[in-house]
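What follows is subunit A paired twice: with subunit B in the first complex and subunit C in the second.
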Partner chain A sequence: MNLKEINWKKYSLTGGIPLLIVIFLGIWPYIGPTYYVTLFTYFLLYVTMAIAWTIFSGTTGYISLASAAFYGLGIYAAALFGEKMPLIFVIFIGGAASFVLAFIVGSITLRLRGIYFAMFTFGLVVLFKEVLLYWEITVKNIRGYFVVIETNNTIYYYLFGICVVTVIIAYLLKRSKYGLALQGIGENEEAAAHTGINVTMVKILTFALSSFFMGACGVVMATKMTYIDPQIAFNPLMSFNPALMSIFGGIGNLYGPAVGAVLFTYIQEKLMTGSLKNYYMLIFGAILVATILFLPNGLMGLIQNVWKRIKGVKRAPTTG
Partner chain B sequence: MHLLQGEKVTMSFGGLTAVSEVDFYVDEKEILGLIGPNGAGKTTLFNLISASLKPKSGKITYEGKNITGMNPYQICRLGIARTFQTVKTFGSMTAIDNVRVGALFGQPEKPSSAQATKDAIELLEFVGLSKNTYSPARDLTLANQKRLEVARALATKPKLLLLDELMAGLNQTEVAEAMDDIRQMRAEKGITIIMIEHVMKAIMNVCGRIIVLNYGKKIAEGTPQEIINSPTVIEVYLGEQSNAGSK
Partner chain C sequence: MQQFLNIFIGGLLIGGIYSLVSMGMSLQYGVAKVFNAAHGEFMMFGAFLTFWLQQNGVNPLVTMLVVAPVMFIIGFILYRTVFQGIRTRAANPGVFESNAMLAAFGFYFIVQNIAVRIWGSTPRTYTFLGKSMSIAGALFNENRIIAALFAVAIGAAFYLFLNSTRTGKAIRAAAQDTTTAGLMGVNINFVLALCFGFGAAMAGVAGSLISICYSIYTTMGLGYTVIAIVVVTLGGLGSIPGSFIGGFILGVLGSVVAYWQPGLVVASYYVIFIILMLLRPKGIMGK
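And now, the complex of A and B:
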């Protein structure tokens, strides 16, 4: 009986529930009201960004705040190539550009640890923004670009596709031996190196892979924006959001960042549009501080702890 | 040809010369002890061999091949594994995953996942951790975490194993077990060992040859008998009154 229970649980967590979610998301634009389709577009965006962020930063512990740089690069790819070729090619260009940038940046900076790495990666976002602004104002003489617009449903389905691919890749990576290597690096980098892991290469490639998906997201979201300039494309919020969402949800597994991203986006939306909109930043900040102080393992960690406690309570009388 | 040989290996940090023109070698299936007061440069020498640090000057050869300036992972795949003075296990990972990392990445030829798991189970048994196979490493006792580090190092199928104060913090029984393990590694797996150790009983009983470092310089080298009778060693390390051999 015990065995059956475990099998059922395993099946539902790895196959059943995700499949239901995918089917639901697949038909959502046909059954949901327009407002909620748009909201779900943002869910998909932030779930992808958060999981892409977790692929690298969640496992290795290197907190990257460069997400906005890769996302912005995707936006610029859409602005520059959007008219010349179909969106799917532009997505690959945006992803590839981010991959290459991350590879180069990773080669230079991944020897930095802790706060230094976080600061440098954030500096990258600011650097891109300022250099592009300077270039557009003084050299090109026209600030910003227009981007080809796509319909809401097209954007939804492209993001949906990118999201599914990101989740699958993240899942496979986690289960592969490279997932083990990444975990080892996160636990103790020195020991990992002396155990035969090419630490530098694993870190750089994973960083680049996670950036690919961020760039791809940027391309798709750009087609929602009509006009873009460096201020819009390299918005620092896009660096903080994926990191905070993942930490909020819990980076121990893939459910954490996904749940964190959805809840976070929803709370953000409700606070920004509701009667509390003037206090949005204040409340948001309080939630974040509370999460970091009281939920070191995020929401999923909290749920696991509560679950353990419930099970423990159930068990206690029978053993006593 | 020696298995590992260092010629005039020198390392300095700022103005401090941690290892100064040290010549050393170890032959196949030998157990070499490395002793000396704190700060003598023992761990620095290990870091130089395992490529954590690159020597300022000098040359280290392994199986006749110059390995100076390589990366730690390359050194590991060549067959030199190590443990750490302060344990560096992968804390939140299970014991078996700790060992699997070694098996999957540390060997020159990549094993299948199933083979790596099989090797890991065998090695956990070898070091006596079968009961803890699926416990997170951080939940193990210090002695067991040290065993786990040895298992992880062995999983890379090394020819040469560097043990950095394996016995520090262990009780009498555990020291005796560790000594048996070391002898067994050489006997069953044909592994050459260099060990840094402060537990004199272990050093004297297990090692065939000992090198003594002081302030980064090699001050003595010889059999355990020669070392405990050397006036220089007694003066700087063992102390006048100590009867190190029977401690």
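And now, the complex of A and C:
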């Protein structure tokens, strides 16, 4: 390849900025204060969750509200296998368990219209909580488990690794023919089916893939909790957070969910520790409604629109 | 046999209330296409409104005359201000459905938290018609029977309203095809808001009936939302008679499972849901 043909400006932007972010995040635990290292751990967690959510729900338009179920499954995997094997294996077990669960859920509901899928996934979290509570109280006569704890830095680096893998996979998927198929499904599923895409299989596999990362996140975060029970592991808020963050940031590209996750985690952290603590859920709901009503394309969509207007790009008048 | 009858009739009694809750949700989804995840919260709000009025000396059955209009107005305004805006901005009906559902979840958080701020999280209860009465040899509290009768009467009255009035006809037309109904001169935004309001009012009245016979608490809404979801799917999304029948089926099933293993009631609803998804996703009365 001729060196002159390479567009250096473009490559330094698309390759350079992510590389700088990765290097910065890699050395952060050594240079940053402890509080901010913990905050960054949550940034990484929610960025991974939001991007994993976007891989499936963002492109296809099928709203999944089962993130908490996969995350909770990961937490339980950590509780059951944490003592018996190294963390890296447990992460794969948690991820694989989530993958299998998502595959089953997908095969039941993804043949049908989106609303069934949303309803089913939403109830899944409640179901897991109820059944596990029943199992622990009635059958095993104990409540909850203890989890082997890891140091803050270990948790940080594992999450960092999962986050990098998730972003790379999401990026590659978006550029592959499967990404194109997913986008086709999102825009017009019937047309996509007619062009020869096995829509059900593509949907099920992508859903399972996105759940793998959620389960992996659950395993790592469990090592921060010491004690878990069904109420802690299957918190429905974990289903809404990734969805809200992604929509807040904008689901059109991969930057959107990441920006949304970082901003929202920061807002959440400030609200939870401040004087408005008791009103947190109320504000959460209000932001959710306001985002959907006023920012349907997210922050990134808004920025793009403003940018277009500044640059004076002429557009044909459209309605709607 | 007597034991079986006890469980069966008990299930039918609670099933009446399930029917009413689910008919409201079915109306909101079937016509206005808003999958209202905050439905249970509206019900909880109605229950607490009744409780508050009852504490101030009003007969609980009379409070329904207050609860229904209040909830109707809340629902109507909510549709006109929020969901109508989402509808006009959405690119296609699919986008509207998922966005409206997420917004409804937002209301779930808002309403529940307002209620917790006002009423706290301790269960509340009052006694009304506490005497027991015998049906086919089984003993039941009078208040449960009254609640079930009211639920059935309201459901039947609404069905008649849909089938025999001009507004009812407009609602049915909008349910079949919103755009075409609009072209035929139906004021669509008004009719859809009306449906959302009716749905909220039904949830509120169901809440009043529940407060008559059971203890109420501010976090009870979600459980009833899940029940309504299962009933609505069982009856067929958007089918009012389907939801009516489905409510009774689920009530009986729930009471059978509760007799055998109380911890597995929610799981049993889920089993029904899974079987439906696999065998007949359009429900028993769906088209």
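The definition used in the following text is that the second predicted complex is superposed on the first by the 299 of 320 C-alpha atoms of A that agree within 3 Å, B and C clash if a C-alpha of one lies under 4 Å from a C-alpha of the other, contacts with A are read in each partner's own complex, and residues count from 1 in each chain.
By definition in this document, contacts are C-beta pairs under 8 Å (C-beta built on N, C-alpha and C of every residue); 3 or more make two chains touch, one makes a residue touch a chain.
As the structure is a computational prediction, the values presented were derived from the model and not from experiment.
Chemist: May I ask you to decide whether A:A191 touches subunit B, subunit C, both, or neither, giving the answer as first, second, both or neither?
Modeler: A:A191 contacts subunit B only, not subunit C.
Chemist: After superposition on the shared chain, which partner residues are touched by A:L73: those of subunit B (first), subunit C (second), both, or neither?
Modeler: Neither partner.
Chemist: Which touches a greater number of subunit A residues, subunit B or subunit C?
Modeler: C
Chemist: For A:V199 in the superposed arrangement: first (subunit B), second (subunit C), both or neither?
Modeler: So A:V199 only meets subunit B here.
Chemist: Just to be sure I read the superposition right, which of the two partners does A:G123 touch: subunit B = first, subunit C = second, or both, or neither?
Modeler: Second partner only.
Chemist: Using the touch definition from the top, say if A:I162 reaches subunit B (first), subunit C (second), both or neither.
Modeler: A:I162 sits against neither subunit B nor subunit C.
Chemist: In their complex, what parts of subunit A are in touch with subunit B?
Modeler: 177, 180-181, 183-184, 187-188, 190-200
Chemist: Within their complex, state which residues of subunit C touch subunit A.
Modeler: Where subunit C meets subunit A, its residues are 29, 35, 37, 82, 85-86, 89-91, 94-95, 97-99, 101-103, 105-110, 112-114, 117, 222, 226, 229-230, 233, 237, 261, 263-264, 266-267, 270, 273-274, 277-278, 281.
Chemist: With touch defined as at the start, can you tell me which subunit A residues reach subunit C in the complex?
Modeler: 61-63, 65, 108-109, 112, 114-116, 118-120, 122-123, 126-127, 130-131, 133-134, 137-138, 240, 243-244, 247, 278-279, 281-282, 284-289, 292-293, 296, 320
Chemist: Residue numbers of subunit B touching subunit A in their complex, please.
Modeler: So the residues of subunit B touching subunit A come out as 50, 52, 71-73, 75-77, 81-82, 84, 88-93, 97, 100-102, 104-107, 113, 116, 152-153, 156.
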